[in-house]
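To start, I am sharing the structure in question, which I have written as structure tokens.
Per-chain numbering from 1; labels A, B, C and D assigned in written order.
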Amino acid sequence: MDDIDIEHVAERSLSDPVLIEGLPGVGHIGKLVAEHLVEEFDSECVRRVYADEFPPQVTVDDEGVTELTAAEFHGIQTPGDSPDLLVLTGDHQASTNAGHYKLTSAFLDVAESFGVDHAYALGGVPTGELVEEYTVLGAVTNADLKETLEAADVEFRADEPAGGIVGVSGLLLGLGERRGMNATCLMGETSGYLVDPKSAQAVLEVLQEVIGFEVDFSSLEDRAEEMEEVVGKIQEMQSQQQQQVMGDDDLRYIG
Amino acid sequence: MDDIDIEHVAERSLSDPVLIEGLPGVGHIGKLVAEHLVEEFDSECVRRVYADEFPPQVTVDDEGVTELTAAEFHGIQTPGDSPDLLVLTGDHQASTNAGHYKLTSAFLDVAESFGVDHAYALGGVPTGELVEEYTVLGAVTNADLKETLEAADVEFRADEPAGGIVGVSGLLLGLGERRGMNATCLMGETSGYLVDPKSAQAVLEVLQEVIGFEVDFSSLEDRAEEMEEVVGKIQEMQSQQQQQVMGDDDLRYIG
Amino acid sequence: MDDIDIEHVAERSLSDPVLIEGLPGVGHIGKLVAEHLVEEFDSECVRRVYADEFPPQVTVDDEGVTELTAAEFHGIQTPGDSPDLLVLTGDHQASTNAGHYKLTSAFLDVAESFGVDHAYALGGVPTGELVEEYTVLGAVTNADLKETLEAADVEFRADEPAGGIVGVSGLLLGLGERRGMNATCLMGETSGYLVDPKSAQAVLEVLQEVIGFEVDFSSLEDRAEEMEEVVGKIQEMQSQQQQQVMGDDDLRYIG
Amino acid sequence: MDDIDIEHVAERSLSDPVLIEGLPGVGHIGKLVAEHLVEEFDSECVRRVYADEFPPQVTVDDEGVTELTAAEFHGIQTPGDSPDLLVLTGDHQASTNAGHYKLTSAFLDVAESFGVDHAYALGGVPTGELVEEYTVLGAVTNADLKETLEAADVEFRADEPAGGIVGVSGLLLGLGERRGMNATCLMGETSGYLVDPKSAQAVLEVLQEVIGFEVDFSSLEDRAEEMEEVVGKIQEMQSQQQQQVMGDDDLRYIG
């Protein structure tokens, strides 16, 4: 195998496609959105990218059959005039700095071969506390892209996220721009502690509006409800613990 | 030296050989089986694979003579009509992700040069507790391979092992499949804490049945008995400790 | 992208330029000096060096527009007859040993393409305590370079710094010399705990004198004053803590 | 710079030279012996090996002049008929597995270019306690080499050192043998806690006898005496501490 090996799984003609990247990251926002699109639309795996930067690993499916670790591109023909989608997802990022650059270059090669001229990198911004209002932050390779995004309630904040954007998402913008490809990063605010389908939903709503497709949200809403129950229980436990601590303190203060 | 260097130690013609891989791993199951085959049969080292991914190290033998770290292929002509064996063993896996891919590719090159069209990767699945019944788990590159294995009591469990199969064993399946080679992973259940000749025996019994050779088990049984004595002593010590703890508690409760 | 990619941002003719390197390091001395020169003079970014040894990262500017991590060369035409300046700065060093060598070689290639024949690598030497007098230590590729530097109050101490000079600064001297380029390392003494504009000022004064340009110091002095206030507060807190500790001791001894 | 760069510092014709390697390692035995030979004989640095596997570093000499990290080969014409010496020393080993292989290959290339057909890799074996009798352990690429060494009181112990021989020393034997070069590893027993000139002396005595040169030992003996004083003080401190502990115990037992 070469360092990176691109398998042509199927050919599907996509009209004016945009790339949507959802690899693992903060709150798994990007991955949730990408997988939701792949499940809800009539999608097809068109390319698999194998890389020696991925862990040396096969997964085992429900039949006991193995599959080599890979990132996958799924082609989606959206109804109507809106751009088709080329959705990139997978279970791993690269394992070294240099690997991230090589891998993202390969991803951009695939995107270009499908005629993509705009990439959306999806991710999360950790806030460190439970999020009430699901703001979506944006960053772009080109200031001209901001107007449409701001119309869809995407916020642009000076110098945020403070640490920049790292990993494949960051490089899709950095290396994409160097190739003359427009790229947008959409980051859902999220606590950073949990998988966050609600924040994913906020990002998906932005995508719908700026790209112009429509998708059923119910399965993502179901997942969001499940997670809210989990969060609810955590909050309950925390408040009980606080009351206990306060109770203990009271006793001491009384004594 | 190149990154990987394959030494032709001897030529031996093998008829319809299968590859049996037993590098170090959980419970040393694979290594025990591979070494048992090499010792019990009339085997010959045919290839040595040196790699700069291995530790920079020589071992010293009982004469004080050094040998450079390598993986070894041993050729075995089995009696009768059953396939001959090409057995891969050694003391090390690779040290980086990319190294695992390169090394496994080299192993598959050697296997192909001997006409191998089926690879058996042997390993262990850690259960976290002492094992009473030695189940052998299977995973395959191709669902058609399951029938024969299930007939030999190999179990297939959906999505197990949960973390997938890693290292050279995993990639023999992942990269093997990409070359059109059938590959089977046989994993003996084992505690994960000790070298486990009994689990190795269970894996060897499966191999015997599905490949069709016969081998003497006595030396492996001897090792299994030695290990059982060790395990027995550990269990004794544990139960004594528990009694002591209980004794201490009793005293306190009595007082 | 190749391992290293040099973007020609602008062409500017520089007369007899010297290279001034100020990448991040102890006390950020080098970076402070380099950025001060870029801000105070009429400078222009002439080259950007992208490298897969840098973190896979984009930064986000105050407009929400991203920029791929890079090191930058700025060209400065100094007034009068003194040599022009080619100033190298950035936010990162390389992430591996081999990466430092590759990156520094690329930096020297750029410098040579501008006709540089003398490189100044700037940095700090940690003293472990707050510095009162800001000595500048020197190290050179060639003993002939010492006279001019000593005339500008640069100190040369046998075998110092004890651990040698590491990173890009060290290799600009080591690899520069191997190409026949003169190189000088100027290291401001600094505590090592804080960003140190005062030590940067001492280094800048040496540079002014040995290269022969003149630059306004006021903004660096402002930063130095801000830092001195910070240091003052730290010292105050420390002396208060010491008094408290002594007070506690006194009480005990009295009791 | 290439990955590895060999500088031809000087040409010196060596007659039937043997390679003597003394890079840093346990007890610095090898380095002490190599440096002693370079100092005592009329030696000349003939090659410098630069490698991007070494730290990105320059050292600063007593004049403030820098030198790029490198390994050095020194040529020594011994008096009389005994083989000349090509002595390899330096301050660093490689930083990765693959780097050790590349670096040792380069070292063997240099050795071959001087006509070396026997390499002596020098090192230490840690015993974990202060050594009274300075045994020298041996390991060889070829059992025929043992007779001469045993005549010089070198001990060969089955399967020792247990962990094999690692680093450049190990690979000089492993890769040397693959090129058809004889190689011997001489390991002085040493505590493993301190630089050990006495163990180095034992190794040097073996070298003298098997190669056939003679060298003045006095400076090494001086260093050994200095270290013995250090060791003496450590032992004194330890026995005082033990007495104190015993004293404390006595008091308790008395009470």
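A few remarks follow.
Following the convention adopted for this analysis, contacts are C-beta pairs under 8 Å (C-beta built on N, C-alpha and C of every residue); 3 or more make two chains touch, one makes a residue touch a chain.
Heads up on the chains, UniProt names are A, B, C, D = Proteasome assembly chaperone family protein.
Worth saying up front: this structure is predicted, and the values here are computed from it rather than measured.
Under half of the residue numbers found at the subunit A and subunit B interface occur in both copies, marking it as a different-residue contact.
Centre-to-centre separation between subunit B and subunit C, using Cα means, comes to 54 Å. If each chain is reduced to the centroid of its CA atoms, subunit A and subunit C end up 38 Å from each other. Those residues of subunit C in touch with two or more other chains do not exist in this structure.
Contacts between chains close into a ring here, every chain touching precisely two others. Of all the residues in subunit B, the ones that touch subunit A in their complex are 94, 97-98, 100-102, 104-105, 138-143, 146, 156-161, 164-168, 170-171, 173-175, 177-178, 185.
Partner subunit D is touched in their complex by these residues of subunit B: 1, 3, 5, 7, 50, 52-69, 95.
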